[in-house]
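By letter and in written order, the chains are A, B, C and D; residue numbering begins at 1 in each of them.
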Amino acid sequence: MRRLGVGVLGVGEMGRRHAENLRRLVPQAQLVAVADVAAGRARQVASELEIENSYGSLETMLECKGLDAVVIATPDKFHAAAVKTAAAAGKDILCEKPLALSLAEAHEMLEAVSKTGVRFQVGFMRRYDPAYVVAMKRIEAGEIGVPVIFKSIGRDKDGPPLSAYRSNVNGMLFYTNTIHDFDLARWLMQDEVSEVHAYTTSSIRPEVAEFGDVVASVVNLKFNQGAIGNIESYAQANYGYDVRTEIIGSDGSILVGSLHRTLTLLIAKGSIQPVADYFLTTFADAYLAEIQDFVETILRDRPPRVSGEDGLKALAIAVAAENSHLQGKPASVSREVPAAAL
Amino acid sequence: MRRLGVGVLGVGEMGRRHAENLRRLVPQAQLVAVADVAAGRARQVASELEIENSYGSLETMLECKGLDAVVIATPDKFHAAAVKTAAAAGKDILCEKPLALSLAEAHEMLEAVSKTGVRFQVGFMRRYDPAYVVAMKRIEAGEIGVPVIFKSIGRDKDGPPLSAYRSNVNGMLFYTNTIHDFDLARWLMQDEVSEVHAYTTSSIRPEVAEFGDVVASVVNLKFNQGAIGNIESYAQANYGYDVRTEIIGSDGSILVGSLHRTLTLLIAKGSIQPVADYFLTTFADAYLAEIQDFVETILRDRPPRVSGEDGLKALAIAVAAENSHLQGKPASVSREVPAAAL
Amino acid sequence: MRRLGVGVLGVGEMGRRHAENLRRLVPQAQLVAVADVAAGRARQVASELEIENSYGSLETMLECKGLDAVVIATPDKFHAAAVKTAAAAGKDILCEKPLALSLAEAHEMLEAVSKTGVRFQVGFMRRYDPAYVVAMKRIEAGEIGVPVIFKSIGRDKDGPPLSAYRSNVNGMLFYTNTIHDFDLARWLMQDEVSEVHAYTTSSIRPEVAEFGDVVASVVNLKFNQGAIGNIESYAQANYGYDVRTEIIGSDGSILVGSLHRTLTLLIAKGSIQPVADYFLTTFADAYLAEIQDFVETILRDRPPRVSGEDGLKALAIAVAAENSHLQGKPASVSREVPAAAL
Amino acid sequence: MRRLGVGVLGVGEMGRRHAENLRRLVPQAQLVAVADVAAGRARQVASELEIENSYGSLETMLECKGLDAVVIATPDKFHAAAVKTAAAAGKDILCEKPLALSLAEAHEMLEAVSKTGVRFQVGFMRRYDPAYVVAMKRIEAGEIGVPVIFKSIGRDKDGPPLSAYRSNVNGMLFYTNTIHDFDLARWLMQDEVSEVHAYTTSSIRPEVAEFGDVVASVVNLKFNQGAIGNIESYAQANYGYDVRTEIIGSDGSILVGSLHRTLTLLIAKGSIQPVADYFLTTFADAYLAEIQDFVETILRDRPPRVSGEDGLKALAIAVAAENSHLQGKPASVSREVPAAAL
């Protein structure tokens, strides 16, 4: 059986997990190389995963023998350039979310992908999470009737250090966190979001406002076919990593939630259950299923389950949310590059 | 010990519960009369509760001997007139929510109350629910740090019959349902809402739109001191009566929810827990605590825990939500009567 | 409508609750008197509940005018004498659990009741708890198929003070705590327990062993028709008052549990839910429903839902459990008074 | 880095999972061969896992080059012979639970292991389950005080087919199911069980009694240092696979449970959560952690976390439970081979 040769670009936390999964848990793939601008980090990951090749740039990795596909897990800002380069080299691509930080970049990426004909998948891994998968099946089976309201919550435990805001290589809250829910909204409601309205706050950490970011947000959603929704995002919930989604329909509702109760401690303080504190723990299975599917998709020559178009559409909602936040009024969701940006 | 003589105006479902509570469960009160424009209904309730006096109007009930206070549980539209009449007669008043259906009416009511010096309480009974009370205490104790986000959900099981929309005696969704959450928002966040943005839907029951109402809504909230929030209301969730509130702070979060798990059935379909289907069941204790407190407040000559001002302020948020819904943009919360209404 | 005149004997915690319920929440009853060997306590309760008559003994209370029925809530040891006296006076009786502390006494009580023809009910109030009532209905509806295993847990928060053990007026753990589960076992399984086996421990509080009592126990059950079961009792769980019952059948299982989740605090320690700490809180509704039913049963001349026979049968299981504990082997359940006791 | 060469004997469901884990998820191991008396099945598993060597017997597999250790996952009855053979060949061993079906066999196995000096681990994989691991840590940290009561429930979804009972190659309920809880009891209570008492039932499937087995059981436990406990096992719960353990201490209690709530469906029937239906799903992580630890233990030359002695001691409790079931009285736990069996 042919194994797919994959290289991972960017071996921070996220890329490293992809590399580990490819190396250890995806028998149909062969991790042939890792690359990182921090070449030392790439070397170390290569050594730990016992693979031979590590590089300091995508360009050099692309020359590695046996490389069929690349996983792009750089900071958000560099997605666009990396995708264009990898596509030009004819490599299939799994690109982490968000697709890009602007619609102009996103369009260039999709064009590059389309021109070269490489396969392209965007890293909305929640679509691979077992609970979300079951939720989707039950919605499709009509168990909640017609979807009426979409609700989602995404809370990270600890806010990024100020240096992360300062470096400016990743998008603001809407692009790094809420983008997952924007994708879930489209996917689970099987509809498009036409307009959004956002309130944001950074009152408990005013410094982040200087970098154009916010600590928390609530985004109202209006869907094309009449449904409505709301997404809450919070960068520093402190108590844990907490993701919950609910789709409320005409007949019932379905909830997906990260608050488990596998373990309960009963003490005088009350009934205590541990809360997950980290996305890589909560979604470990989803990340693995995602990369397995990516590999199989290519080996079996199937269309990707999460396309570049999906990446673009979620991005367009994030852009609209940011516009609403900046302008203090609802903003239409549009995939067109705004004139001002041309 | 002196007992407070109370009459109940309007003995539909809600007024009847107040009458029952007063008759059976509040020893410091004496239910002296009930009144209803449907005089036959008043008679029947009086008979069932074994009290002597029933009337076909507030005016006639006000002449009943021993009447110190009245509970107003008429349809919303008639609150204003009833409060003004009762105040003029010098009776202390517990008025069901919403205070009124317009700011102009509300101001007239508060003026009447203020001029006559009667005690006045508004029926936001969730403030008396044991779980909300504990939540408030924990927030005040600083257990979640500084409140950052307010979230609330209010879902009724079955939507009102079309005749209820047609009769036009009650307010739309924001005034009958969301008003509870508007009050909770103010109370639990100890802050005022300055602006709101609403999306609504009636796509699964378009007929209600003809009556100026909606089936579901999501309302984004902006608070004066930087916090944000969102409230979802849904008139016909079908699966049950479901109320949940969460206050998310800088250190943690507190959830109040109506989904219990006192009883669990484990069958091949899964783990099944019954869902409450009715507000009078879920909040039975709250309604009783409310009326007990109302009675004690008067007997001990204390200021009411939920004042007319509280009624006005929640109403102002509902008015703003309706404006946002009508105008398709955020609306400021203002207690001023809009010029157009003068 | 005729109201039932009721007197309460013993106004400690439990009797006081019955008196309050009768006075305030049961309109068909009239609390005519309270009695207690501590006559001062009886006087104070009478004063607080605003009734006229208080007595220092059952005998004197029995002469009170208007007394139709008595609630016996003395320490366990005095149930037998009180029931015989009240029955001789022709009063209907609600006797707290356990019926008695020995089978010999129990037989004398039932004989006295039977001879005088008074109505007699035993205070197994869990049969009136809404969750247990629903559980029973679902079992009867066949939702779990044929019952196979009965499981129950009863944990008190704080163990009794040593003085309570020393006074020797109440039964040991099996008689005061497990007796509830013995009754539930019979009721919910619709079968009789034929044999039991008990292990007990008092290792964390060895002093109680001196008084013939234990701190915790596990009792294996064997039912007549082939089912089996186990009951755990724990006098000092420390974290709260925790009652859970599960009936496992051939098709599914049904759980009744006191661990709610109305309120959840999410903090860095985890997800925390308060735990009930007191039986009068958890079962407030059950106690009220019980006394309401007792009153109605008499007024409508119906047979009691929990008969003296039920009291005797549960007691026989407790006696067998104690025998197993003392003899270190399984013990048959028998309602016969053992020869040695004659 | 040296990789441990492992062969798996018996590739039914359980052995197959071990083989998959070794092949795909344990980089420090190399799956060098599988063997099964059904040689065709061994060939197919080898082919699916893309390894070269498959055998029809342990003896032939033992000659395979590069084989350092074997996993024994045959039917219970064949554990003893397989362990003795593998030990004689100097291979390290992971043997599935139960160690054996009699104490005599168990002693022979441990002797063989001890004589040859191979490393030996028994497959009590729950000790590797993340929730049990955390529970153990919290108990050790003193969070529940002194352990007083041990409770455990193990329910399988579907009972074995009658053919499985007929084949007589596996132990009865105590040996296949309850054995896990016997081990947990020892491990989590850090104490030994001295005596047990069992009631059993097969009334809903009387055919199994002919094969000396039962459908359900409750086993009372008495520990050396004063604690007590109870374990319920049920072979055919029908609604799902359900494992729950609770350790109740002097200060609090800790619960480990398999009933999750990752996904909730709210419909008119109630709040519905899926129930796990299969042990390989519930304990997927535990099985992986177990085999990883086994491999590391050997590579790093550490003593195994679950020793042959542990296997023997859990078996001794199962033997005592069976004795109690057969003799209708409590049975002492003894590791001695009963005289009658010599």
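Annotations for the structure displayed:
We take it that contacts are C-beta pairs under 8 Å (C-beta built on N, C-alpha and C of every residue); 3 or more make two chains touch, one makes a residue touch a chain.
All of these numbers come straight from a predicted model, not from anything done at the bench.
Taking each chain's centre as the mean of its C-alpha atoms, the one that lies farthest from the centre of chain D is B.
Centroids built from CA atoms put chain D at 40 Å from chain A. Centroids built from CA atoms put chain D at 57 Å from chain B. Residue positions of chain B touching 2 or more other chains: 237-239, 251-253, 259, 261, 265-268, 274. In terms of which chains touch, the assembly is arranged so that all chains touch all other chains.
Listed in rising order, the residues of chain C touching chain A in the complex are 237-240, 242, 259, 261, 265-275.
Within the complex, the chain B residues that touch chain A are 145-146, 148-149, 151, 153, 155, 195, 197-204, 215-222, 225-230, 232, 234, 236-239, 248, 250-253, 328-330. The touching residues of chain B, when paired with chain C in their complex, are 1, 23-25, 27, 50, 130-131, 134-135, 138, 143-144, 251-268, 274.
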